[in-house]
Every structure is written in C-alpha cells, then in structure tokens.
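Next come two complexes built around chain A: one with chain B, the other with chain C.
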Partner chain A sequence: MLKFEKRENIPLHLRILIPLISILLGVLIGGIAVMFSQVNPLTVYKAIFIGAFGSTYVFSETIVVAIPLLLISVGLILVFKMNYWNIGAYGQYIMGAIFCTYFALNSAETMSRPILLMMMCIAGMVGGALWALIPAALKAYWKVNEVIATLLLNYIALYSLKFLMYGPWRNPRSFGFPLTKIFDLNAQLPKLISHTRIHLGLIFGIIAAIIIWIIIKKTKFGYEIRVIGENEIVARYAGINIAKNIILAMIISGGLAGLAGMAQISGIIHMLQIEINPDYGYTAIIVAWLSGLNALTAMIVSFFLGGLFAGASQIQITMKVPIGIVGLIESSILFFLLGGAILTNYKLYYKGRKII
Partner chain B sequence: MGAIVLQVKNISKHFPGVLANDHINFDLRKGEIHTLLGENGAGKTTLMNILDGIYYPDEGEIYLNGKKVDIRSPFEATKNGIGMIHQHFMLVDTLTVLENVVLGLESQGFYLNKKKIAERIKEISQNYNLNINPYAKIWQLSVGEQQRVEIIKTLFRGAKILIMDEPTAVLTPQEADTLFKILRRMIKEDKSIIFISHKLDEVMKISDRITVLRKGKLVGTVDKKEIKQKELAKMMVGREVLFRLERNPMRRKGEVLKIEDLETHNDKGIKILRGINFSLPGGEIFGLAGVSGNGQTELAEVIVGLRRAIAGKVYIKGEEVTNLYPKAITKEGTNYIPPDRLKVGLVPNLSSVENAILRRYDREPISRGIFLNYEEAAKYTRELIKQFNIMVPRENAPVKFLSGGNLQKLILAREIREEPALLIAVHPSRGLDVGATEFVRKKLLEERDQGVAILLISEDLEELLMISDRIGVIYEGKIVGMVDIDDANINEIGLMMAGVHKNPLLKGEENVKV
Partner chain C sequence: MRPDAYAITIILLAATVESGTILLFPIIGEIFTERSGILNLGIEGMMIIGALVGFATAFMTGQIYWAFFMGMLAGGLASLIHAFISITLRGNQVVSGLALSIFGLGVTNFYGQEFVNLQLAHTIPQVIIPGLSQIPFFGPILFKQDYMVYLSYILVIITWFILFKTKAGIQLRAVGQNAQAADAMGVNVYKVRYFWTFFGGLMAGAGGAYLTLNCAPFWLDGITAGRGWVAIALVIFARWNPPYALIGAYLFGAINALQFQLQSMGTTIPSALLSMQPYFLTFILIIVATLLVKAKHIGVPKELGIPYAREEK
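Showing the complex of A and B:
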C-alpha cells in the first residue's frame, strides 16, 4: 500500500539527495542499455565524465552548452511561475538569431564593434520578444491556448529561417549551401577566456538569472505573477491586470530566448545557417523544471545538463557508440530526475510507515 | 428497534496535519435514523466517506450484518447495500432522470431497456412519494427534486443503508419537511439511514439516536428521547453555546449602495439576476436570504466587479460603478468576503504574508517603487494576526495549512483593515466552528456600529436572523420580499425562499419591482 502526502516544507538534505540518487538510477538503467550494444558501460560513463569535466577544454565546452540553456530557462521560469506554458522558446531563439543577423550582414562596416554588438543584442531580444508577443496577446485578449500557439509559431520561425537561407540571405559564394557569409570580427561576441569558445553570453546569462530572481522574489511585478500563477481568480479579485502581466512576462521570456539565439550565432557559429541548435528551447523547459522554477538554481542545472550533453557528444566521437545510445543515456537520466522530483514534493508511505 | 446492521469499530483516518477520525465506534440498527452530529471539521463526512469507499481507513474494521467487510470503492459500497447522497449532487445536468439512474450501473448491457427501467423508477417514486418523472432532464428540476433523484439512484441500486450528508443545507424549511416525511417512510420499509447534520433543531426532529463527534473524536451516542437540545449543543461544542449576540441599536447613515434593475448571466450564460432593486444605508446589515443558486453569489460578484452586469446599475455612495474593474470598485470603498476562501479569497500556496498584503501591496510602505518591502509586509501581517487573534504557526508557510477559521479571520482582517464603506460578506461563517463563527459575526456587528454598510448573503437563516437589521429574500433572480428584523418570521421567510408566498408590499422607499 503506497501513499503520497504533500510535504509542508522540503528539508535541505532531500533537495540534494533525491536528485543525486535519481541521477544514479538513470545512469544504471542507461548502463543496461549500453551493455546491449557490446560496450562496457563503465568505460562509457567514464568517457562522458571526462568529456564533460575532464580537461579545461571540455569543461569550457560544457559551459558553452550551458549558456543558451541558462538564458532561455530563466526566461521560461518567469512565465512558468505565471502558469503560462511558453513552449515557443525554439521559435523565439530562431527569431533572435534572424533579427541580429540583419545587422551583422548590413552594418558591420558602418558601426564600431561595441555599437554593432549592442545593436545585435537589442535586435535579438526584439526579435524573440516580438515572436513571443503574438501568443501572449492572443492569450491575453482572446484566451487562445498558449501551448498550441507557441508550438505552432516554432514551425513558422523554422521555415522563415529556411526561406531566408535558401533565398535572400544565401551567400553567393557558399557553393549553394544555405549559409550566410562568416560574420565580420566586429559582429562576433568577444571571447571571455582565450583558447576556449566561452563568450560574453556567459555574463549575459548570469546577469539574466540574477535579474529574474530579483523580479520574482522582490518586486511587485513578481508578486503579481505568482498570484496569477497560483490562483487567477484571486488575482482578478485583487484587481491585478492579468493581460498586462502576461504580455510583459512573455516579452521578457521571448527576449531572453532571442538573446540566446543571438549569442549562439554571434559567439559560436559566427554565421547564420539552418542548423543553429534551437532545440535548446526545448531542453531549457527541462532545466526550468528541474531547478524548481528558481532562477539561481537554474545556473547549476544548466551547467549539469550542459555537461551531460557536451560529454555525450564526446563519446559519439571517441567511443563510436551509436547516436541512439547517447540519446538513451541522456533521456534515462532526465527521466529519473523528473520522476524523482515527486519525492521532493511528497512524502511516501508504505503500509502506513513513512519511507521518505 | 431492529438488529444491528452496520458496525464500525475503532476507525481512524488521518490527513496531513489532522487526525480526522480517532478510533471511532458507531453502530446502526435496522429501521432507524441515526444522526451523526458535529461541527464542521468534526470528522462526520470523513467517516461516511470511509463507509462509502471513497477513503480507506488507516485503522479499524467495518462489519455488515456481523460480517467483516473491506470497502475499497463506492462501487463496492453499492454492492454491499450502502448508498451515499453527497452534499453536492452527482448528477449530469443535461441527461434525464432515467439516464442518470442507469449511469455506471454494471448490470446494464449494451442495450438499455428504457421502458422497464422507467417503470421501476416510477414504482420506487410512488412507493416513497418522491414524485419524480423519469424522463425529466435534471436541469429542469428544483434542488429538492434533484435530491430525490439521488435517493432514487441509491434505492434503484438496492441500498439498504442510506447516508445523507447534510441534506437540508440546500433546502428551504418546507422542502426539508417533505424530505423528513420521505425518510420516515423509508425506515418503515426497514431501510436504515445515517443522517449527517449540525443543525440541532432538525436533529431533534428527525433522529432516533444521535452520535456526537468533536474534533475527530467520539463524544458519545445518545437516545433522542433521553436528551435535551441544550445538552446536545454542549456535547457538540464542548462548552455552553450563546444562542444570541448582543447588538446595539442601529444608527443608519446616508445611502452607500444602490442597485437598480440589475441583471446578469451565470457561468452557463443563463440569466440569473432578473431585475434586482434595493438600497443600503451605512450602519445597517442587510441580510439576503435564499436557497443557493437563486443568484445571490452572482449579485455579490457583479457589485464587486468580478462579473459583468447585462442591464441595470450599481451605485456606491452616489457614484455609478457598474462594470468597472474590481480595483476601481475597491477604491470606492467596497470590500468583499467571498464564499470560497481558498478559491477566491486566498492563494493557497502563498504564505500568510503574501496573502495578507493582497489589498495593499501596491501602496506605500509595503511597496517602494517597483519593489516590495517584505519587512514592512511582515510587520503589517503581524499586526493583523495580533489584532484578529489569528493562529499562524509560521508566517512564511503556505496558508493552505491553516484551519478554516483562521483562513476566514485572515480574509476578514485584510478586508476590514481597508476601512470599507461597504462590506459584502458571502457565507462568512460557512464551515467554521462555533468559536470562529461567533468571532466573525461579532466583527460584522462591530463594523456596522462603525457605520459600515454590510450586505450579508447567507443560506443560514439562523445567522441572518441573529445579526441582520433587515432581511430580503431572493428567489429566481428577484428580491421577492423584504422585512425589518423585528417583523421577521422564519416561516414566512421560508415560504418566500421557496417562491410560494410573495410579499409585494415591501417597505416604503425600497419600491421593489416583483
């Protein structure tokens, strides 16, 4: 006889222990799958770990992956707190990349580097914010379901990008490949640490996380968002302007996703192409969720998931295991992490006796 | 009296933070009406939900006709001949009586023999004088009739033991009398009835034996013939009960609220207010009586701006506020104690502090620019807690862990501290224990003495008679009668609540159109 009971407060040791045990279980199950492909799971895990944290270079690659995850997830945390399910960071990220590319292609010669980069940041945020404004306004004024609206806009963003890459923005000298020309140095985000790919985006991410944390915990806006998210009827009764809050929060959320897109192409890829990793927009949902919708915790979670993805992509190359196995390890770990979260929020009883 | 049909031994059940049932013993004889009496939160409904298989007890045993049974679902309860009629009916509005009766029946195959079922329903209906047409749609029936459909449902399934959870809460006094006649008819047929209530007078009227629960514990089982109402009250509450409250003479001031020809829709888009007119001066408590569903909660929502009026006007202190935003109406000095504390009044997962500042988080000193000053907020909350004697173990814990009485005190404190000119209180003491009820009523009287105009909407006639200065009766979206408290007569009000007796001679200046 299993029984769950909601916890009144969550003890610190459980906050740490439960995710740790969840990861171990995920590793165990993932390991069984690895055994089926005739590879020793221990070597695989060792390779992942080394691939994520084993040297300065791979460590820096982990951070490179963590940057967009952090930027997007803290924006998502803001709207998730309001019970608004923005699934559209994928599209907002693409739009941010497209908008900033306009300046990278057209203003590189006429603007100085700081001005150009600032313009690109603003353009990226505006692109993401505008893309987020569409479903936000639909929800605020006509009660259109945001999950459907944001999800479908992702496809429109993707095909807009494809249109640009196969059409007006294709570099005539790219031998037909759908790429723009490589950005001028002026349009590239400066590196933070030499000999790595870590760029200024890291600073953006950390600042964004701190600002979002302050908004949620310390401001009237954050208070209104929490009231709306917990109980919309009370919010109306207290006279909170729900439409205004949805729109404002989505502008911030979309703006950060757009900034992530800008940082990725300006800091890492250095050109616009079709494959610009917008999937971070989906992974960031998991980051937001695993961090318990806390923007500061999101820094740690982004770093951990960044390590998992960076390490896993390493073993694809070094161990020559099939790409499916890599995905399987990743997902079994995420699966246990998300499943384990129930035990942080609920007590578990077996035959009337408390287990955890 | 008949043999014991049902016996409950040492039943315990606990929920987070509460022991809802603490080793309860209880038995039921064939052909008796056995009342389970207790205040809200005493554990009556929990115990009955255990018998109906909705909850499973942590400890204890249930015996039916001397045989131990294990009831794990309402379905198994039905198989054992136990039928429960809940406070909120489990009926599908758009289906007919017949369709509701067969819903979920296992014995029905793919093809429904409607004719045979209809005959059986008619037979039951005639046998117990239930007077129900099997082909009527549920939404066409009155609340009293819907309750009788629930009775038919359980009888159709062969129930020998009927559990009725506060069945009179939704009925007028006259409808309650009809129900009692039906219950008496049923025990003559050797059915046994468990009747749950906290209304002493009806308990004395209908029961054979009475079992009293208090805070999850068994106080005792008594024979109706051997006990007086006052002693029963003491058993239920654990102390002497005040049946009257001291009130000062009323001092009316200028008009605060005026409603003209007000109309609105309910959530289903059906017109529920059909031209409401009244005016309310400061310093008066105007009690609005009525069976639930006659538009009273919608009226409150329109006044505070949570629901749109489709016709008519609302004036507060002479200013028209019809269909303004809730915040604008609050600014005019209107505060609201909503009927549902955790759905409308408070945010369950936020802390006491975050809930206490809901009305003033955007004013100094709690807000400073775009920031909230949580120290000031906590200070303000502590003031409320002290002034209203609210039991808050930890001010940063979610409020959902507070008891109903403390939740209501928190709302009351928050709203009263805004110093309203008009206070709208909907079911302010519903679900509260006697102590908290008394507190809430006293506070309302205090506010009235301060010159606040109070619109009190309640289904509890006793409460209305105790603290109102004037009582209006709402029926099908109209105010059908209005009396000063000195002329109030519970029978007459009851008839008006049922829409039977209309009183077009309303007092002087009210000029109500009926």
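Showing the complex of A and C:
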C-alpha cells in the first residue's frame, strides 16, 4: 500500500518543515507525558517559556546554557559529518575542566589575568583533545567501536573527577565537601554583560561555529570529511587518509568540548566540583542532529535547547516538575526527526498516489 | 582465619553471579538484535525503564515475579520505538538508539520522582536447588540463587541452540549477513528484525528489573549507572555468541562484586578509583575483543546498522 521512491534532491521546504514539525510533535509528546502526572501541560509550557525568555535575566541564563551547548555541538558536527560517533563529549568536557583547574589553582598568583586565562583555555582544549585522541586512535588503527569507547571513557572521566575532588584537590577548608577553593579573579573568564552571567565563552562559541562552518564548506579537510561520511570505500579509493582525518577531527571536537568545560567552570562555577553539568555533552548531540549538522544553524538550536533547559530548571524548583521532562522532550523530537528523515530521502506513495 | 577466607570467596562469587545476571539478559538480547542487523544503542534506556516499571509494580502489588514480567515487557515496548524508526522508516540507528537511551533516562526521572529512596520490602526470594547446591564450592555459588538466575542459565543454552541449530536461527543469521539474499530465499527481513529487536528489548527490561528487584531494591535516578553501555561492549567481547556472553557478564560481575566488597570492608583505596574499575575493565576488554575479532575474522554481522529497503532497484 505504502510505497517509497528514492528522491534525487531534497526540496528546501521539507528541509525546514520536518525539523519544525518534529519540534512541535516532540513538545506535544512532552505535554502528554505531563498530563499523566496530573499537571496541566499548558501551565508547564507557559512556565518553561517564561522561565527561558520571560525577563532579561532568565533570557541571559538561557544564553549561559547555550554557550557550552554551542561549543560542544559544533565540534560534534565536524565528526558526525564523517559518520564518526563521538559520544564522549561528556568526558572530554570533564577533562577540559580538570586540566584548566590545575592552572587556576597553581598559577593564579604568578600569572597575569590574560596569560592565565589563555593558559587555562589551552589546558582545557588539550585535556579534551587528549581524552578524544584515545578513542580516535583506537578507531583509526584498530577499528575499536568509537561509540562504546567514548561512552566508557565518560565514566572513567567522571570517576577521575570524583577521585580528585574527594582526594588531592579537595579544599581543606570546604568542611569536607568535595570542592576546590573558589578561583581567584585572575582565573575567572570576564563577563560580557554586567548583571548577568554571560561570559566570554559566548564569543568562543560563535567563533568556533564560524570556523567549523568554514572548515566543512571551504577546506580540503572538510571536503575529505564529507566524502568519508558519504562513502568510506569511495574515500579510500580516492586516496583519502581516513585515519589521519579521524584523529584530526576528533582532536578538534574533543578540544572544543574541553574548552566548553573550561568556560563553564571559569566563567560560571568559579571552582571545580563534581556537579559541573557534563550532561551538556549529551544534549549537544541533539543540538548537532537537530541543526542538520550545520554549524551556523547550531547557534539557533543551542539557544532553543538552552531555553528548554533553563526554563525546565526553573519549573523544577517552582512547580516540582522533574527535570527529566527535558530528556523526554528532546528524545521525542529526535525520534520524529529521525523518522521524518524518510520523507526527505524518499517520495511517499499511497495506493499509487503521491502524498509527499 | 582459613574458613573465613573460603566463606568470603563463596560470597564474592555468588555476588558475581547475581551482578553478572543483570548484564547477561541484555547482552543475550542485544546479540540477537545485532545478529539480525539492527544496532540498538538504547539498552541503557530500556534497562532503566524495565528497572522502574519492575520496581513500581513490585512496590504497589507486592507480586515480585509479576513485577519482573512487567519490567521485561516495558523494555520490549520501548524497543519498538527503535524498531519502527530503524526498520520501517530506515532512520539512523546510532542516533535513534542514543535517543532511546536519553528517552529512558528522562522518562524514568520524570515518573520515578515519587519512588525516590523508597525500598522494597521483599526481593526475589532465594530458591536453593536440592542436590546441586550440595556440590562443594560450585553448589553454593551457582545453585543457591533465585529463579531469575536459573532462567538465565537456561536462556544461554536455549538461545545458543536457537541461533545455531534451528531454522529461525539460520534465518536470523542470514538476514544479518545478507538481507537481500535472505529476502530472495523467502525470509521476511522486516519481520525477523522486528521480532529480534523486540526480544532484545525484553531482555534489556529483564536485566533492569532484576537490578531493582534483587541487587538494588530501591529506586534512584539513573540507577542502571551505565550498565547498558557495558552490555553493548560485552556483545562484541562475546563475539555475538551466547555462551561467551556468560564469561563477559561474570567478569564484569566479579570486578563489580570485588570493588563493592572492598569498599564495604573499608579499604584505604579511594572509592572513586574502585568504582571506576568495572568501566576500566570493560574498556580494556573491548580493545582486546576487537583485536581478537579482527585476527580471527569472526563475523561482525555484515548488515549491522544498514537499513533494508526492499523496493529499491
């Protein structure tokens, strides 16, 4: 009854409509889920919306969440383009935070602010990049499944952080809580706008998005990545060095996730602790996919999902609606998006008549 | 002190079997799903859904076996989302599986809130098998367990038999190796894939339910703690063969039981480093297993992750 026929090229209106409809349907599913727990979904969504965009301050908090999402997701876009599944941004983010904290704790007195912050940025990127290099090399040379490797490294990174926080890096004056001392002003990323928490990381994110967009569209490296992603066998016959590309792309992707971790603790938390929101590493996967693997679109999507997260954090406190609603809505959007992709790839016929 | 060391060994190994059983179900399930050509990275999500549904059912009805069944069924139902997207709609299996995991973690956080920190009054009861449990050393380890553990023993044998000795097994392997050829032979590729993806979901749900009904009879957010990802790793270690799944699951179970025992005995090793060990071990295992699989040319199902489209010319 239903028949599919492959499309030659994807019409523009479908490319825009399908993500939008997916978002609407995902939000609808979230609403139904809320209804089951005897809360009015309209009240919840209104509260989320107000909590995300309702005032200058909450609006700035939405941007605060969007910063790490943007930094991580544009890096993911680069590797996803080549069908390499870096699920390890969570761990790379933690490693970035750990590496930069070393300088924040040890060099704050000896370095001037710009130098120290630069060292922390570099350390954060190196930390994330090294953590990404492990699964990249394992994949490139030994064909070890990167999904599994990056995921397991996430747990290893998390426990490394816990080890540091309950051990050598715990501030003796924190009453036993697993916290370092608060970073000196020297080690704090400057704010961009006063009376908000928006910090310099926003500029990093926007620059990263533009650079990644240029890499993918305009460089030989980006071209090779796209060829590998479309057909690895063709890429190999064309003489493209796949191992080199995987490693290079993963260093960039991990480095950006590490920078996101650095920006979060240097710009927002101002100390190292166990709760540093590495879950942004998973949310960024959704950002990357929802933006159609386009780094510029990722700016808008980061902002949208940042709003969802910021708004939901508000209603978690005010209305006792669990934060899990975010994952529920995000995954539902993804399901519709993935399912909807069939309409972009195929023409659909029902009993011989074309529907879409 | 001698008898004490012996007794501790027995306790440790019995705990190994219990802890391993949580993983054994999902590993076996995913072996069959992947053999059919479908990669389901949603195990973590299906397990935690099974864990919550199992726990909630037991908490509200007190019927522990019914709860296990419901947890299993919930995992199965969750897998149908992935099946529909990846089989019927030919969507990206990697992302769909990840979405399923995010979905499971989100939905259980959302609906699990009212159960947080509640405890079950009764866990799955121990059933001592007369005779077999008297075997020195092995008896108390393997046969002083519960029905679910015995079920897992039988499952390993049955699934091995199905996979290699029955027509259903041949069809399943054919679909995973070459879907088009299987289709030409008259095998319904879609039906086979739906069935074994559903089976994988049932097993993931069973693993999750066993966790909250026996090993950790309380509810906490994210209680599966990455076991679903470990299970996917151990599928490769098991080389898509149920008996090897037993080895992988018990290895993980052993290191888990050991680190847990050490922590409760109050060792000086930092607990974060101990808790890391199961994941670290799995990480090493996956590297070794990949090299072995490559060296011995053992078949990764060739169609793994590739959607099948019948109408395409």
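Following the convention adopted for this analysis, the second predicted complex is superposed on the first by the 323 of 356 C-alpha atoms of A that agree within 3 Å, B and C clash if a C-alpha of one lies under 4 Å from a C-alpha of the other, contacts with A are read in each partner's own complex, and residues count from 1 in each chain.
What we mean here is this: a contact is a pair of C-beta atoms (placed from the backbone, for glycine too) under 8 Å apart; a residue touches a chain by one contact, two chains touch by 3 or more.
If you're wondering where the values come from, they're calculated on a predicted model, not measured in any experiment.
Within the superposed three-chain arrangement, the count of touched residues of chain A is higher for C, of the candidates chain B and chain C.
In the superposition on chain A, A:A132 makes contact with neither chain B nor chain C. Looking at the shared chain after the overlay, A:E5 reaches both chain B and chain C. Once the two complexes are laid over each other on the shared chain, residue contacts for A:V44 go to neither chain B nor chain C. In the superposed model, A:I98 lies in contact with neither chain B nor chain C. When both complexes are overlaid on chain A, the residue A:M299 reaches neither chain B nor chain C.
Of the two partner chains, neither chain B nor chain C is touched by A:A187. After overlaying the two complexes on the shared chain, residue contacts for A:A33 are found with chain C alone; chain B is out of touch. Shared interface residues of chain A (contacting chain B in one complex, chain C in the other): 5-6. The part of chain C that touches chain A in the complex is made up of residues 41, 81, 84-85, 89-92, 94-96, 98-100, 102-103, 105-113, 226, 229-230, 232-233, 236, 270-273, 275-276, 279-280, 282-283, 286-287, 290-291, 294, 309, 311-312. Remark: chain A residues 3-6, 33, 36-37, 85, 87, 138, 142-145, 147-149, 151-156, 159-160, 162-163, 166-167, 282, 285-286, 289, 322-332, 334-335, 338-339, 341-342, 345 touch chain C in the complex.
On the side of chain B, the complex with chain A involves touching residues 16-17, 58, 304, 306, 325-328, 330, 336, 338, 343-350, 354, 358-359, 361-362, 367, 370-372, 374, 397-398, 401.
Residue ranges of chain A in contact with chain B, taken from their complex: 5-6, 8-9, 218-223, 226-227, 230-231, 233-234, 236-239, 352.
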